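Let me begin by presenting the structure, written as structure tokens, before commenting on it.
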Amino acid sequence: MIQAGIIGGAGYTAGELIRILMRHPEVKLDFIYSTSQAGKPVSSIHQDLLGETELTFSGEINPEADVVFLCLGHGNSMKFLQENQFSDHTKIVDLSTDFRMAAEDHSFIYGLPELNKEEIKKANLIANPGCFATAITLAILPLAKNGLLKEDVHINAVTGATGAGTSLSESTHFTWRDNNFSAYKAFEHQHLAEIGQSLKSFQPNFSSELNFIPNRGNFSRGIHCTAYTRFDGSLEEAMKIYQEFYGDAAFTFVVEEELHLKQVVNTNKCLLRLQKFGNKLLITSVLDNLLKGASGQAVQNMNLIFGFLETQGLQLKATYF
Amino acid sequence: MIQAGIIGGAGYTAGELIRILMRHPEVKLDFIYSTSQAGKPVSSIHQDLLGETELTFSGEINPEADVVFLCLGHGNSMKFLQENQFSDHTKIVDLSTDFRMAAEDHSFIYGLPELNKEEIKKANLIANPGCFATAITLAILPLAKNGLLKEDVHINAVTGATGAGTSLSESTHFTWRDNNFSAYKAFEHQHLAEIGQSLKSFQPNFSSELNFIPNRGNFSRGIHCTAYTRFDGSLEEAMKIYQEFYGDAAFTFVVEEELHLKQVVNTNKCLLRLQKFGNKLLITSVLDNLLKGASGQAVQNMNLIFGFLETQGLQLKATYF
Amino acid sequence: MIQAGIIGGAGYTAGELIRILMRHPEVKLDFIYSTSQAGKPVSSIHQDLLGETELTFSGEINPEADVVFLCLGHGNSMKFLQENQFSDHTKIVDLSTDFRMAAEDHSFIYGLPELNKEEIKKANLIANPGCFATAITLAILPLAKNGLLKEDVHINAVTGATGAGTSLSESTHFTWRDNNFSAYKAFEHQHLAEIGQSLKSFQPNFSSELNFIPNRGNFSRGIHCTAYTRFDGSLEEAMKIYQEFYGDAAFTFVVEEELHLKQVVNTNKCLLRLQKFGNKLLITSVLDNLLKGASGQAVQNMNLIFGFLETQGLQLKATYF
Amino acid sequence: MIQAGIIGGAGYTAGELIRILMRHPEVKLDFIYSTSQAGKPVSSIHQDLLGETELTFSGEINPEADVVFLCLGHGNSMKFLQENQFSDHTKIVDLSTDFRMAAEDHSFIYGLPELNKEEIKKANLIANPGCFATAITLAILPLAKNGLLKEDVHINAVTGATGAGTSLSESTHFTWRDNNFSAYKAFEHQHLAEIGQSLKSFQPNFSSELNFIPNRGNFSRGIHCTAYTRFDGSLEEAMKIYQEFYGDAAFTFVVEEELHLKQVVNTNKCLLRLQKFGNKLLITSVLDNLLKGASGQAVQNMNLIFGFLETQGLQLKATYF
């Protein structure tokens, strides 16, 4: 049993981590640090836990914890780590954007197991990928691995309202979002940088454009992504490349059936489907933005670091309908 | 053509009034008063109007308007009328709760046409009914009219998220409300007072209880209400009473089919259905909380006051699906 | 490890059983019998399982299985058991209505653990309760236990679209149900019989009416129920009665917070809240109709029969948002 | 007053036509022909009309009607016109795909007013455009008008469940569609042909590809479309081209605000927004698939043919929230 801590306990990703870790057979959830909620029952915020747990939010951290997950707003992780010290053996998994781009001033490993499994196993510091970044990168990474990204990639993805976080805002107000749809941050989403970094780690000469239009969907959870680009081989060749690449992936599967979002909601899975039209390869990917796109992947990284079964605590029952 | 003004233009009920009045053949929408939005295009807030109107919010009222609709928060109408003067011929329709209860210090008429049509026609001041109050009162008023409310009435109703107004709140956050359901203010909803007042105007000795459980539904618009009470007559007798009572109603209809909410969404209609089980009469009512439950009924009152066709400007196309 | 079989594998309750049992540490899912789907992969119907399982539907049963779950349409379980023989040690859990009412010609035990835990542990044949029946019975059973059901009970409940099963119908067509609400089978729902049977097992003289209005909500999963009746004691006394009654319940909890449906979606929990208004006690209950209202409770019964931990395989992560 | 008839009255597009035409000041709705529903009240199918109309479905057509709308399944319009004769003065508006592609064996005019207004005014036979076709064509037609479609166009659009018609199917079952999202018919949607035909009527040398991915959204009404292609001019130049092209359009407006679907739901409007990123022009378009994408546009065509005000009967109140 390892001791785990969560920093910033009131948001969606913290809530999902709590739900997973309190049932994880190898983990003791040692503390959930929240300055704003300190002393209150965790079930007062994450109210599905009523009756199930006596956990309370803590105003103090345990610097000796074996693993600490940072669920802070983007920009705050770096500040938190400057102001708080953990022991040498403490592993840090940061869910913000702060350390996703490699830089000389930090040694965080980008925590996408399909890309970096061996480095993750040895890492002390993990930068957990973004939700759109995970869905898009997994859709096209096998092409980059084989040096096959030759022209622009055209990407359209839609995310649920949990993607916008717990803060109240007009576009997450029920009367606005219900039965609505809208695009935002077209061509300029902040996840493009980490996607490009991952692709170039395999195909350094990749210089085409990633044309990405994100959309707000009127559902709570999940990302549905379509991406297409030129691919001169056959569908069978594409399938072979993808199946080989994901052959040992614990949660990412290439399937032949038409995909829909609810296949993966409330799971840590990413499903991929390939289709060929003319000289284009279309890849569809679906995942749960809060699990494979955030907290589930964070636990998957923890499992790899501590040598647990990669799927431990993550074989979740899909809601499905 | 009469000149109409709206006080408080950014909320849902103001928006619905604007949509109706700008297409009403007898009305010129003269001003929409909003201190917070003064100078801005109306279509910047009510964005369905983009391309259709050049109207802007005004920082001033026109005290000579023929009719003024008050779309202010509850408690603010009284204050507004104390601080602002309108001409003697100006009719006021207040959509707040401020003047719904008869009192010695005001002469507002309760604007439920099915109850008070003749008084409304002669009124200068109208207190427009609440949304739940309209749905519930219309469901049981014919019984009171005939002195037949003899035992407790059991009422359960569900409202859409627009019922909670434009303010952002946890229970109107999309991720909370989507696919959710909850009861609130059980037995204590503020509309019980005006419902009781209407019932007693017909049946002064009514002294049983109105047991009312309001609920939050995961839809944007509409109220669905079921109410039952002891009724010793037959279904046919009940039907006769209701059909007689609503024989000349412009928007309230008694039907024999099973009802569902979307029959009335985006219309000014209230549909009622009667069923008899043992010695109980069950009445189901459905209406759009923002139209028959608010702005549509306000325009219906205006039509009555100015002698227009009662349905003028209100024969709206239902969304239905 | 026990061998489990499922009869009728394509519906919602079968799907949920598969999702639970394939992750249950004490169970081997031995066969899923479906004449219509025999030979096909289970993941072709329950498509969230793509990539996770190689299970196929079977055209044959294994009569030596330790436990068999019947997920057949109402009326078909009796017929199936007449035409198929299982070994003497095989336990049967039937999810239909066929055996819920005690009768001389069968010896099924009504599988509501909060009512019949000791009988269930010794049972060979279990009639798993209905979804509405579970939500309503759990809401008022402690009153019956104490002989306190003295007057009519007024019940209003709303269920998600999964409650109507997988068959396509007008009221489960998306364009009809989306943002809609409707009542149905008022005062005449078929679950009233089993609720009455459970209440009378504790309070044989109970002779008041259960006035129950079921509703169709525009969500997929869950039941939200409010029930009120006369109660002369204080709220504290009511709380004491309920907490005592549910003191050792594995999944039913009495809480003080306002309830909403999504607290229990995708879990096997039932949450209850008590409020007192005048001389009335209001009980709100929420559960997932497919889990505590069907397949989860079936597995809970299996756990009791085989002496497993009652929560084994059922500590599911709520979807929550 | 002209006499109008509708052929095939039970579907969504027929329902919308009925709702519009029964309130159209220049139209008498003479007959609604439905073999399956003949004799039944129209309000038994289109149940929002309960209380408002005594219209019944007819088993016979009136061959002298001034205008007849064909709301038949694709492939059935041609057959119907072969088997039924109308008078010489009868105008036909066909809502199916049957006559949208110009051919030697018919003289139907493609009824997109923004493209063909003058021809429509003189037409006897109108082929009403498809819903996706309208959204996409309006998004890029001004570029074709100016010979500026030089490279591939990348189009992603999402439609509501009404787009799939009234037939019950798995992907329109509530439990499937609710909170779900999926792509279908990628690169191969049947509307691509009519879009290409419209573009080439302006820019005959257009030979690039229209890469179109349609999606199923979990809402009932509306189409949200994004399209981008190379455009070497500035945003201002693009705005000028679009505003000039749509300067006299009755329902299509170019706006500068971020768009969302609910701005146009239950209206006959199409809103367009332009953005420039690098050398790409992104155009977003939104419309209601049943109105501007079907029945509203059909009435707009009727208005043009008969010389009515183009917006007559079509100034509908948006639902908006």
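Note that the chains are named A, B, C and D in the order they appear, and that numbering of residues resets to 1 at the start of each chain.
In this text, a residue touches a chain if its C-beta (ideal position, glycine included) is under 8 Å from a C-beta of that chain, and two chains touch if they have at least 3 such contacts.
Chain identities (UniProt): A, B, C, D = N-acetyl-gamma-glutamyl-phosphate reductase.
Values in this document were obtained by computation on a predicted structure and should not be read as measured data.
By number of C-beta pairs in contact, A-D leads over the other of A-B and A-D.
The chain with its C-alpha centre at the largest distance from the centre of chain C is D. Centroids of chain A and chain D (each the mean of its C-alpha atoms) stand 40 Å apart.
If you average the CA atoms of chain A and of chain B, the two centres end up 46 Å from each other.
Of all residues in chain A, those that touch two or more other chains are 12, 160, 162, 175-176, 178-179, 218-221, 260, 262, 265, 321. Partner chain C is touched in their complex by these residues of chain B: 154, 156, 158, 160, 175-176, 178-184, 186-188, 209, 211, 213, 215, 217-222, 224, 226, 228, 258-262, 265, 275, 277-278, 280, 282, 284, 321. Of all residues in chain B, only 12, 15, 19-20, 23, 44, 46-52, 162, 178-179, 220-221, 253, 255, 257, 260, 262-267, 269, 271, 315-321 touch chain D in the complex they form. Partner chain A is touched in their complex by these residues of chain B: 12, 160-162, 166, 168-170, 172-179, 218-220.
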